[in-house]
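Consider the two complexes below, in which subunit A is the common component and subunit B and subunit C are the respective partners.
What follows is the complex of A and B.
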């Protein structure tokens, strides 16, 4: 152990040393996401901006791919972070984990360079193998898909084998089973077909069954660990809640997949099945809020790590509003007929991804930085606490401003373009030129700048928080393992 | 342990989680088999690729209470009747082009994708192409060189994506085929381009010519 407040790898166990590598790349990619989001947003206001150089499609692809990858890196880092604590033994194949980390990172760099410099290819299978697959979120070319599968398999091996060697806690068991499903689903998105209905059918297996089933359960596991760590909540309570959440989430989310099968050529029975089960999806999200807030209240908000707890509470609410409320609002087919594929969807996508997933990774960044600095004090009256408080405030203010701008644009679009205009070329641009739409895009950009400012502050805070603290972290008596 | 409430015990909820997940998954697999069968190209909902040899329309169906694609008389794309295999090759080339050129990071297809440019589900039927006589050629020309063809007041142009003539024609074939997919009435209220044959007077009500056109 080195001196308090000094960043030192000696403070970390093996898995955690690997975790902070993943976290560092995650933060850099988060920055890239914000940058390309801003560029794409500017193009809505000024279509000639970077036209023919970095077209909207390129910026958008980088924006959402950076998001998927930084969140995955954040999740992998978080799992490596808790792995030795939870299992009680050192990570089984740490050298493999390290090797894979470098391969994975290098592959991401190559993919990004190809997106930026080559952008598009001829209409041949070769382009799909080497340049991009042109399928939203999973644009990564086929060679990278295979690389990702190999990396994830190695990661999975490390997690499963470490738990198997040490102890299989409830959290560990759920995590391992969930990772199998998460990795397996990726395979559903790797095949080419000329049939666009078939294409979208399997594409949604990846997208929906990731974000509304397996990722939700993964963050449920992280939340469980986070609550034990920051507040010393009893394991039995946390694990019982986790099982309840799994039952409710999978029970609604798996068949909730049907809310994407209304309009892509799939049969009409999905109206009923998709509408019904997806309408139930907010229930587990309510349960998670109740759980987190109840535990926080029960422990009188006394935590060993205030920024992490704040982000955990933000996760519970963000998940509930972004996924639960915003998702529910357009999930019934009678409404989705008009909101489908409008800025409405973008409004929901932003609030849900940020609220449910970005928040959870950020909470883990704070948990990690505390131990990395030797278990430094991070509770009330922390030196320089304004930074984390302003960061969380600005990020939320920016996000809410964006989401509201998009929502108003989406309402206008669903009325003018979809319901009245019939969604043709002219109707589309009539809606895009409408004053409410233009104002929505303007405010989205304002929100984007606020969000970017929040991101800069967050990055700065992560580099400096606890640096000038001399007090050790608070201890909670009930915690199983000390911080 | 003895006075523990059964409904608050971890083991009860663990078992529930396993059963609920297993059950939902089995139901999903069962439905997936049926759905995949119904969306395989060549089925009533998703026609065979050779449908591009025929007229495709989008008309209101009283029974289902929304618009459905209607396959009409022979009207081969680019005036060339193709065999099933030739049509499949052409549409396949078009689909590959849409992926390699990243259309879905500006447009939506079947309503999925990006929101920066119009939905392409029924772009084959878009009235803005003018008349059905010039449509095919206009589409090819537009795809190959869209930058100087601005059609809107917000100044948003489609960039030149280096699409060759062969790719453009294949993409048009793909778009025509996509317009024949039964999307349960999405997009609603879409008014397709007039495709009536020249001597007949154009019918304002699409419902009126639905019946005779059905093969």
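What follows is the complex of A and C.
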């Protein structure tokens, strides 16, 4: 262990050394997501901006793809971070993990360069394999799709073999099963069918079951580990709740994707299934509030790492408002008919992804940085604490401003374009030219700049937090040993 | 079976749906606080919030034309019952999962783990 406050790999085990590589790329990709989001936002206000050089379609694609990939890098890094702690043995096949990291990173760079250099071209089979698969949100070309599955399988091998060799904890068991789904469900978005309804059906499996369900369980595992580390919560308690979450996911989450099948040409019974689960969606949220209050009273919220705990709390609220309130406002088919695919969806998507996932990865970045600096003090009266506090404030202020701007724009679209105009081509442009839409987009852009400022501060804080601290953090014995 | 919302009811649907979640959360929050703090006087407020939840659900159901169909009417009933019992059920789970004493050698959870 090196001196306190010094960033040194000697403070980390093998899995954690690999994890910080993933975290570094994740932060860079987070920056790319913010950058391309800002450019796309400017193009809403000034459609001529970068026209023919970097078109809106490319900016939007890069904005969303960067989000998917930085979160994936963040999750993979987080799992490597906890792997040796949880299993009690060194990562099995770490060399493979390192090799896959470089291949994965190189592949992401190549895909992004191809997106930027070949923005238009013929839509033929060669394009699908080498340039762009064309499916919204998962545009990566086929070779990269196969690469992602291979990388996730190698990652699965590292995780499963390590737990098999060492201690198979409850967190480990759920994680291993979840990684099988993570590799398997991505395959659903890889085959081609000429029937657009069938194509959309399987595409939703990737978007809903891959991004929402398997990621949600993964975040549950990370949250369990995070609570043990930052609050010293007993392992038995968090693992019991992890099992409850998985049971809820299997019980409701899988059929809950019915609300995505409303308007893609699937049989009418999906209205019944989707409507049923949509209506009952708030029950787990209500349950979550009770549990949070119970735990707050039980554990007194004492923390070893204030920034990490603040981001974990932000995750609970972000998930509640982003997925819960913003989702339920327009999930019933009677109203979803008008809102689906408008800026309503973008408003919900922004808050839900940031609230449920980005917050959790950022919490892990702070957990990692504490150990990377030799277990430095990161609680009350931390030197330079203003940076993490302003970063979390600006990121949230920016996100809320964006979400409200998009909400107003989406509300206007649902009325002018959908309900009054009947969703035709003219109605689409009439809605886009309406002052509510334009003003909503203006405020979205203001929110984007605030968010970007928060990101810069976050990146600066991650590079400097704990640097001038000389006090060590005391750790809960159970958290240290993983008992 | 799906009767789309009338244009005039858009805001009512959005607002009442948001209020379903907000009053649901308030009900759960007050319910849990009442139990955690041992303050039974908070419980009527919790059920007051649940009453607000019922009003929100019924307003949403009216505006979204849910009462024009048996299936959706049943869903409304299920929502009201489900939201009412969820905090009770989850409270029992919380008590059950936290009930056992920590294993030997492991300190209780409510400790200060950081330097002053």
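The working rule: the second predicted complex is superposed on the first by the 457 of 483 C-alpha atoms of A that agree within 3 Å, B and C clash if a C-alpha of one lies under 4 Å from a C-alpha of the other, contacts with A are read in each partner's own complex, and residues count from 1 in each chain.
Criterion: contacts are C-beta pairs under 8 Å (C-beta built on N, C-alpha and C of every residue); 3 or more make two chains touch, one makes a residue touch a chain.
Remember, it's a predicted structure, so these values are computed and weren't measured experimentally.
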Which superposed partner A:422 touches (first subunit B, second subunit C, both, neither): first
Partner chain(s) touched by A:171 [first = subunit B, second = subunit C, both, neither]: neither
Touching partner for A:196 - first (subunit B), second (subunit C), both, neither: first
Contacts of A:341 with subunit B and subunit C, given as first, second, both or neither: first
First, second, both or neither for A:57, with subunit B first and subunit C second: first
Touching partner for A:48 - first (subunit B), second (subunit C), both, neither: first
Touched partner set for A:139, first subunit B, second subunit C, both or neither: first
Subunit C versus subunit B, contacts on subunit A by residue: B
Which superposed partner A:261 touches (first subunit B, second subunit C, both, neither): first
Partner chain(s) touched by A:131 [first = subunit B, second = subunit C, both, neither]: first
Intersection of the subunit A residues that touch subunit B with those that touch subunit C: 236, 240, 244, 268, 271, 337-338, 419-420
Partner subunit C, residues of subunit A touching it in the complex: 231-234, 236-237, 240-241, 244, 268, 271-272, 275-276, 279-280, 282-283, 285-287, 289-291, 293-300, 302-304, 320, 324-325, 328-335, 337-338, 377, 379-380, 411, 414-415, 419-420, 471-479, 483
Footprint of subunit B on subunit A - complex, ascending: 43-44, 47-48, 51-52, 55-58, 60-61, 119-125, 127-128, 131-136, 139, 170, 192-201, 203, 236, 239-240, 243-244, 246-247, 250-251, 254-255, 257, 260-271, 273, 337-338, 340-343, 345-346, 418-426, 428-429, 432-433
Interfacial residue positions of subunit B with respect to subunit A in the complex: 8-10, 13-14, 16-17, 20-21, 24-25, 27-28, 31, 34-36, 38-41, 45-46, 49, 88, 91-106, 108-119, 122-123, 126-128, 147, 151-157, 159-164, 167, 170-171, 174, 178, 181-191
Touching residues (chain side subunit C, partner subunit A) in the complex: 1-5, 7, 10, 13-14, 17-18, 20-22, 24-25, 27-29, 31-33, 35-37, 60, 64-66, 71-72, 75-76, 78-79, 82-83, 86-87, 89-91, 93-94, 97-98, 100, 102-103, 105-107, 109-115
